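Here chain A shows up in two complexes: once beside chain B, once beside chain C.
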Partner chain A sequence: MNASLMFLEIWVVALGIVMMLADFFFCVTPERKRFLAYLGIAVLGVLFLELLGPDAPTGTAFHGAFVEDSMAIFFKRFFIIAAILVLFLSSEFSDSVPGGILEFYSLIIFALAGMLFAASSNDFVMLFVSIELITVTFYVLVSYQRARLLSLEAGVKYLIIGALSSAFMVFGIALIWGTAGTMNFTELAQVAPQFLDNKIFLTGVIFLFAGLGFKIAAVPFQIWAPDVYQGAPTPATAFLAVGSKAAGFVLLLRVLFTAIPAVTARWADFLIIVSALTILYGNLCALPQRNLKRLLGYSSISHAGYMLLGVAAISASGQSAVMYYLAGYLFTVVAAFTVIALVMQHLDHEDVSALAGLNQRSPLLATTMTLSMVSLAGIPPLAGFFGKFLLLKAVIEQGLSTPNHGYYCLTFVALAGILISFYYYFGVIRAIYWSKDTRDLSPIPLSGGAKFLALLCIAGMFWIGIFPNTVLNLANAAAFGFK
Partner chain B sequence: MHVGLEQYLTVSFLLFALGLLGVIMRRNLLVIYMSLELMLNAANLALVAFSRFNNKLDGQVLVFFIITVAAAEVSVGLALIVALYRRRQSAHVEDLTGLKL
Partner chain C sequence: MSILTYIFGWPLVAALALVFVPGNYRVVVRAVAVLATLISAALAVKMFCQFVPGANGYQFEQQIPWVDSLGISYHVGVDGLNVGLILMGAIVAFAAACCSWEIQTREKEFYILLLLMSGGILGAFASLDLFFFYFLHELALVPTFIMIGVWGRGERRNYATFQITIYLSIGALLALIGLIALYLQSGANTFDIPALIEHAKTNPMTVHAQNFIFPLLLFGFGILVSLWPFHSWAPLGYGSAPSPTAMIHAGILKKFGLYGLIRIALPLMPQAAHHWMNFVAWLCLGNILYVGWVAMRQRDLNLLIGNSSVAHMGFIFLGIASLNLIGVTGAVFIMVAHGFLAALTFALSGYIYQKTGTLQMSELGGLCRKLRFIGTALLMAAMAGCGLPGFANFVGEVTVFFGAWKEFPVVVVLAVWGGLVIGGIYMTRAVRTILHGPLPAKFSNLADATNSWRRLPYALLLAALFVFGCFPRLLTSQIEPDAGKIVSMANPLPSMTALSEAQNPKSDTRN
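Our next item is the complex of A and B:
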């Protein structure tokens, strides 16, 4: 028993509880609420520096159910940074969240705890509980603006589809465990080759994919994403887009490459098809969208498809490309949602046209949004370009080393998807700079925190894009150490 | 007649299929939610049956986790559905049309 590995999670859960109770013990004015958010951010920052430094301990605990390896540490750093950015964003958004912003903060922190457990899970029980901790917290976060009908509707849709996918996942776990006789991923990897032709085992694996595919919004489990992205409060959408998706990916990597590598090796075609369909669906459906958050919902589906390229490559370099891409995606997406939150907080619609004349209303926000769109589209020197390059490189390498021609088709589909995506990303940029009907040209007041957050995201995008070495070395260590 | 693992699994598959059918066919949110619980319980039955016939207890432990998590999920879910009902005076999925293209 080695519970000291779980210090980080214990601290994060404690922080969430303190944040929730703070409402009772303080007479909370808006300034104090903001102060509490900054306090939470500071605590997370200290935890990051103290417990996730270069010499963070590694090992396993709870009979191998909880594993702390270089991949877990990479994702834990990612999740903590994501939570810090989202807490910042929520503190700017507090006017639009009636009835307790502090609970909103504490729910974000509880979801973070679920993600941290997900990063370390090496056992189906752990996988199930951590994924449910994330999902149930997000039901509340998504429907948090309960006076807004759209938010409630998004919450109910997320609830039904989320519960459906977790039912599939649990049934899949039952079938896998029933045939293979072990819940532990490491032990399962040893016995899995015996069950390659066992229909019950393979049904279980497919059902498990349904649960994980829901979290990352991969075709055919992507239906919820645009609706939920549109209806949820903007900080919750941002956390859903980065945190929840990354949690799905870390579990997917663990299941595919630690638990059932034998099955994965056989199912390359299946992964290629899912990846190609996800890229095409996300990009094609984003084309006619006018609602900015909905557009980003479809764009997040297509990015899940890009990241599945690295998974479909079934190689360590593919996995490291996925992790690198997620790191760049974090800053890019938070930048976009920061601008949406600040510009559209007091409007009754979230149409792309609301960005008209943003370059005159607030040059900083216009720059942030432009850079974010350019990075999402994948243009050098920003983070998105190098990430897409690494993913495609991993796919082509695999195509060269195996006789599977599917990899070349997949490369072609991905390039086509990237080209299509230029249209709608540049549509957003055009709306900012070259819009004809600019009715409202009043400057947007920005607080110091908002400016800092926007600059932080810009710095992150450039840092990961121009100096990829730091993040890439960490991702490589995680992927290759993990092999 | 001897009741073996196969019979339990058949019942469990039937329950799961019934639940799925309910989620797809029914139009009332509460009934859909009940069908979802049926699907979770189908999984519980499969786990307990596997546990009994494989002589391992891991499955029964997971069942406890599933029951607990399902309770948490229901408490959040019902609260959400009630909040929606208060706003719309309806719990039908046809009325959930605010979010579209």
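Our next item is the complex of A and C:
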């Protein structure tokens, strides 16, 4: 038993509880509650530096159910940074959250704890518990603006589809356990080759994939994404787009490449098809969208598709590309949602036209949004370009080394997707700079924190795009150490 | 720091600096842009003069590792193939910045994009690393679309923006796939072009792999260069673009694909090149004859220039297809010459559009009476365009014809006919309708470019055409030794061919 590996998670859960209790003891004005968010950020920052430094301990705990390897550490760093950015964003958003903002903060921290467990899970029980911790927290976060009908609608949709997918996943786990007799990924990898033709086992795997596909919003489990993205409070959307998706990906990588590599190797075609459909669906549906958050919802589906390219490649370089892509995606998406939160929190609609004249109202926000769109579209020198480059490289590499021509088709589908996405991303930029129907030209007041957050995201996008070495080396270490 | 870094770095730094200049400081914005391109042009001239023809290896080289795990490094350097292109690019970028006075709205954004375009493409030409080669071109390409969409002109502007975005993005992405496949297939685990070429000397790629990758690069780059039948974006795109954008794109960016073919595809994939070049020689007739014929039918000056610039690409492809020293040297020569010429003609047509508000040739006439300087410059540009001796284009085209004669005599006969007769017809006819004849009454008070600052860009480009036209050795002596290296690699000895054919395509796919 090696519980010391779990220090980080324990601290984060404790932080969440303290945050929740703080409301009873500190009777402070809403402005000062922002400082509690900063306090939370500071604690997370200290934990990041103390427990996730270069010499972070590795090993397994709880009979192999909890694993701390380089991939877990990579994703934990990712989740902590994501939570810090989202807490920052929530503290700027606090006037739009009528009921206690402190619960909002603590729910974010609980979701973070779920994600941290997900990064380390090496056992189906751990997987399920961490996923439930994330999903149940998000049910609340999504419907947090109780007075907004859209938020409630989003919450209900997320609840129903989330519960359904959890049910599938539990069923899948039961089937796998029933046939293979083990819950542990490492042990399962040894026995899985015997069950390659066992229909019950394979049904279990499919059901499990359905549950994870829901988390990452892969076709055909993507249907909730646009509605929930649109309805949820913007910080919750941002965390959903970044944290929850990444948690889905880390679990997917664990399951596919640690637990059942034998099955995965046979299912390349299946992964290729899911990836291709996800890319096409996300991009095509985003084309006619006018609602900005919905548009980003569809775009997040398409990005899930791009990341599935790296999964479908079934190679270490593919996994490292997925991780690198997620790191760039983090700053890019948080940047976009920061702008949306600041520009639109006092508007009753979230139409793209609300961005009109933003370059006169707030040049900083206009720049942030433009760079974010450019990065999502995958244009150099920002993070998105190098990420897409790595993903395409992984797919072509696999295409050249295996006789499977599906990889070439997948490459061209990805190209088509990237091409389509130019249209709607540039539509947003066009609305900012060149829209004719500008009504409101009043400057947008920005607090120091908001400016800092925007600049931080810009710096992140450029840093990951122009100096990819650091993140790429970490991702490589995680992916290659993982095999 | 290599001088090359400064040549393309200055415009990029200026673009970044402009972000922090308030948009209403119009003079400052313009001054920064013109100054940055002027510095980069001056440095390019200095670099061109210091360049030693035929020296071994690359000059002004600089290499900094960037991503070790993938073998990507920041590596710049020049040899005879790109020294002229960088000189041309820097001068054209300066001229385009000077000509941007016609932009009256949102100047700050325009100049930022213009500087990104110029810096990006100059960097792509200087780059000796496949990744940066692509990366910097993409950085230059995307602003083009935005500029056409926002500052473009004409009713079909939106359509043109869509068309050019889709076409060129497809081209660029195909080339990207080709480059990644090339990197993976070479087995050298480096994006460094000299290292790849060295590696290919001992471990040539299999013919099977070459035949798979070469068409990706050929058609990817071909779309970017408007190789017939993928040319239809060009005339309309240039017709709708603001003239500085058209100058930089037609002048510099379009040469990227050709440069990529010569620099990367020919030396690394010689067998496939031989196989495909016969085909390209016939495609280039499509450019020269068919697009020339289309140009004859144009009633709009910009569409005519756009088509004629597509037609000129045919000569360059013919030079590359001949795969011999004379042909490739001629192709590189035309790339430089056409850069100056295309920029000049688009700048002039931009001036005319600015003053008259139309480019319909039926509405124009007798402009030479009022616009003496512009009219004369346009006449000279038209003559250069149909290949009159004394201008650089003549030298390049003649060289290409000499080079290609041995390989493709029929194509050369048809191309010469197309170049001389068709080019002559549309150019002289345009000159007659626009510059001569009666001047419509509404144009009686047109203002010529009188002050020397306004005349500078046109004069500079014309001067460059003259200098290289009268003293072609300035350029050919620099191109020739390195074109020779490329040609010797593209025409491998029989033993090398046997070596790459002997490798079994199945077993060698990945090691």
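Heads up, the rule we're going with is that the second predicted complex is superposed on the first by the 483 of 483 C-alpha atoms of A that agree within 3 Å, B and C clash if a C-alpha of one lies under 4 Å from a C-alpha of the other, contacts with A are read in each partner's own complex, and residues count from 1 in each chain.
Keep in mind that, in the parts below, a contact is a pair of C-beta atoms (placed from the backbone, for glycine too) under 8 Å apart; a residue touches a chain by one contact, two chains touch by 3 or more.
In this text, all values refer to a predicted model and were calculated from it rather than measured experimentally.
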Which partner, chain B or chain C, touches more chain A residues: B
Partner chain in contact with A:231 - chain B first, chain C second, else both or neither: first
First (chain B), second (chain C), both or neither touched by A:174: first
Which of chain B and chain C A:47 touches, first, second, both or neither: neither
Partner chain(s) touched by A:152 [first = chain B, second = chain C, both, neither]: first
Contacts of A:392 with chain B and chain C, given as first, second, both or neither: second
Shared chain A surface residues [contacts with chain B and with chain C]: none
Chain B-facing residues of chain A, complex: 124-125, 128-129, 132, 136, 139-140, 143, 146, 149-150, 152-157, 159-160, 163-164, 166-168, 170-171, 173-175, 177-178, 181-183, 226-227, 230-231, 288-289, 294
Residue numbers on chain C that touch chain A, as the complex places them: 19, 66-70, 106, 109, 131, 135-136, 138-139, 142, 145-146, 149-150, 165-166, 169-170, 173-174, 176-177, 180-181, 183-185, 509-510
Residue numbers on chain B that touch chain A, as the complex places them: 9, 12, 16, 19, 23, 29, 32-33, 36, 39-40, 42-43, 46-47, 49-50, 54, 56, 58-59, 61-62, 65-66, 69, 72-73, 76-77, 80-81, 83-84, 87-88, 96, 98-101
Contacting residues of chain A [partner chain C, same complex]: 367, 374, 379-381, 385, 389, 392-393, 396-397, 400-401, 411, 415, 418-419, 422, 426, 429-430, 433-434, 468-469, 472-473, 476
